[in-house]
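I have placed the structure first, in the form of structure tokens, so that the comments after it can refer back to it.
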């Protein structure tokens, strides 16, 4: 771009710059490729994500991994914040887009946001060659929990099948799994402390996402850094969970559920100015 | 459900009912199936959509079709309302979820909303055995344009490759294509009037979606009616376009674009009370 | 505008037209008036709403009425859909704008949307000179409930103070209250049937809003029609309730509430394909 | 609350706690007061904001100030991000709530977010008794611009009328204006450097908001800190700007504007993988 500007090829300054798609011909182009060509070659959504988010054609073993993540995170029941708000909006009679947006707006630090943190953490640990033992100790000293480590129910003796599926897939299909290996070394240290401090689904996705970038040899170190800091994994979670949010809204429409009003008895009413505490 | 209630099996009245997923065990269930089982059998996102939206296991030829639609509608360049608003929000420094929600909220009657209308229309035409000629005449008399018919650039002599791809796929893989056939009969009538009144991408998706429900033999007529009236196709468009919206936001972050402010010279300022018309 | 175009005064076609504000000088103009001038003359928010929504300077008795409405509808406790979703988003750690948007997106037909319907209804009844008795009978025959009529607790013998306040204000300050009078005639018919079928707050706001337009003599019949069909009263509710939504989000931040997860025991899990009904 | 819990008065643990409003009786209560009582005493929106956001009855000189802020920030023309996105959504045929939400979601660090920063900054400077000269030097050394200082057009010789109005109001009505005085001392230093480095509207609002909390004697130091860190001023901007966003959406409906599509010639299309730079 800069080169092109220098060469005087970009004459009119435009208000927008875009690098992912182009709709000026009679059919849109994804990363420069006409969509009908894309369709003939692409095997699934993963290839489209590859073109539109990464502006490049990732190998099939990588795009299949992206699809696995999209499938795994699609829903987590009706009780989590996102599904709940989408359901409440649907029962208020709102259109599908409003319901999905209302639910989606709860995705953030406490709901769905752990994966990017885990990726940044494993990237730092592995690239700075921090020995796994020290890596765990550093976190302990800083008083923080390692993102991507720990599970309430699953443990060494009762492993998480989803994690096994992902690792199995990576072992068979990835050219290399350096970050996963690092994460599993970390897991050895933590599970020695307590059996449930296993590498969880979020941690596995984070480590393998780093391996996608490294093993494909299509990302510079600067790009890897940018991808993990900008929130690509958050984007994957968001896209994936949209499947569930749409599903929950359609579900409520179908079931013809009435307006939801939370039970007043489930609320504690307090007012400090007038020393008022409600007795249920 | 009603039967179960009658049998006294549902004892505690709950505030919520859900039919698509269940998160009470140690891993979520999609339509009653543990997600790790689902992952082993599922080929792609289409299978997850099938379970979470339709609560049933659609055959592979159908789920692959859903994936084709998700791929085809993923983006349409940076200039359409949805992408534009997501870009403007990204340039205002907002987080990914806010950008996607801001863009998504423009999806509706004028942007992305034609497919459901086309589906309802072809369903009525075919099921009520309206001869294609009369079907076209009825619309003309009512002064409405047939949704799913017409293209600005493409025509009989310059066909749309995306439509060809979809039809080709359906002919090879669908057990039957009655609604597509009906839509193509309609196209014969309209293209006889004008070469560009072809069955467009939206119309093709709509007709084939009806064929999915019919040819799979998994939907009662009442369900077909509900699916087209509730907005499932709108949901498909919304999910698909989320790929593009995330892509555009990430793109602007990566390019480090500054706050956007629309050019004042592109606005006509008028005030009627004080007889004020701005002269540019 | 058309006249100006005819006169050739509008030379460059612009992509946008705006009639309410202008930001091209060193301070913004509201309806053509510099904001510092506006501030000197305006008594409150009602005057700003008048300029920005109605593009005209409504008399003080009218802008004070708008403010009363904004104050009355500002909040309705933490249990209604809007407040609830804002609270859930706040507890998910989301920023203020996301929380307000998530809550706001539940406002619609079943939550906050009755006032516009009531206004359209009373406008039709009064302008078409439908006798109140017939007006009530028509609704009964059509099987619809009159919007703006009826209250769960309040009745003729236990009147709603808010309604009394509004009526009192209007009687003292409005030049005329023709629509209110009509609505009260309707109330006489309905309360004769049942004591709780009183003119409720929504109905009173709707009728008095029509009186504002009529008694100010600043709206043509076409404008009155447009204002009630476009959703101005919905806008008033939306603006007013934003006060409460912001309040609820700030409240949760202050109280440092954790991530909310709805109780699983309050959900009935059903799957029809596999004949699955959960027994709590 | 803790005391009440200790005393065993709070028996059933509830899932929600709320301190601002209560809807359990036959009319809602704001900060413990029945809304009809509130309406009789309150002079305007400022009093409602006081009750619902601050849970206390601020004096009239303070609530009038809040109203002035709400009026001043209500709109800034159709070209800024928020109004622009609301307009684009309105032209896509979306409902009022969706338009307002789409626009609102652009409010953040670069659009509307300067006031909270200015408040935190002046609070620190004044409370830590940093001499104004050092305060300015510190910022210079840190390489940051003082939020609330500077204007593109206005200067010492061409003062901003809005700032004059606010200061005038505060001088006449506030019991004390310590933070404003401090900010004006800072301004003396900066304007000595360059005539346009005046205390701007954002800075004036920020300083006077701090004065409201101090001069009312109703906030503990911990509360002042919390209020400025949680984003109350952002809430004021958000509420205020909602007036304009609703106005812009209604404006486009009224003008019957068609679907907006940004001009393709205003976009530079780039793809790095295929060395593609579009020449306009």
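Order of writing sets the chain letters: A, B, C and D. Residues in each chain are counted from 1.
The criterion applied here is as follows: a residue touches a chain if its C-beta (ideal position, glycine included) is under 8 Å from a C-beta of that chain, and two chains touch if they have at least 3 such contacts.
All figures in this text were calculated on a predicted structure; none of them were measured in a lab.
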{"item": "Other chains in touch with both chain B and chain C", "value": "A, D"}
{"item": "Shortest chain-hopping distance from chain B out to chain D", "value": "1"}
{"item": "Centroid-based (C-alpha) most distant chain relative to chain B", "value": "D"}
{"item": "Where chain A and chain C are represented by their mean Cα positions, the distance between them in whole Å", "value": "39"}
{"item": "Chain centre separation in whole Å, for chain D relative to chain C (CA means)", "value": "23"}
{"item": "Inter-chain centre distance, chain A versus chain D - centres from mean C-alpha coordinates, in Å", "value": "32"}
{"item": "Per-residue overlap in chain B, given as positions that touch at least 2 other chains", "value": "15-19, 22-24, 77-80, 95, 97-98, 101, 105, 107-108, 260, 262-264, 267"}
{"item": "Chain A partner contacts - residues on chain D that touch it in the complex", "value": "1, 4, 9-12, 14-19, 22-24, 31-32, 55-57, 95, 97-98, 101, 262, 264-274, 276-280"}
{"item": "Chain A contact footprint on chain B (complex, rising order)", "value": "15-24, 26-28, 30, 34-36, 38-40, 42, 44-45, 47-49, 52-53, 67-68, 70-72, 74-80, 87, 95-98, 100-101, 104-105, 107-108, 153-154, 160-162, 164-165, 226, 230-232, 234-235, 238-239, 242-244, 246-251, 253-255, 257, 260, 263"}
{"item": "Residues on chain A engaged by chain C in the complex (per definition of touch)", "value": "77-81, 84-85, 88-89, 91-94, 98-99, 101-103, 105-111, 259-264, 267"}
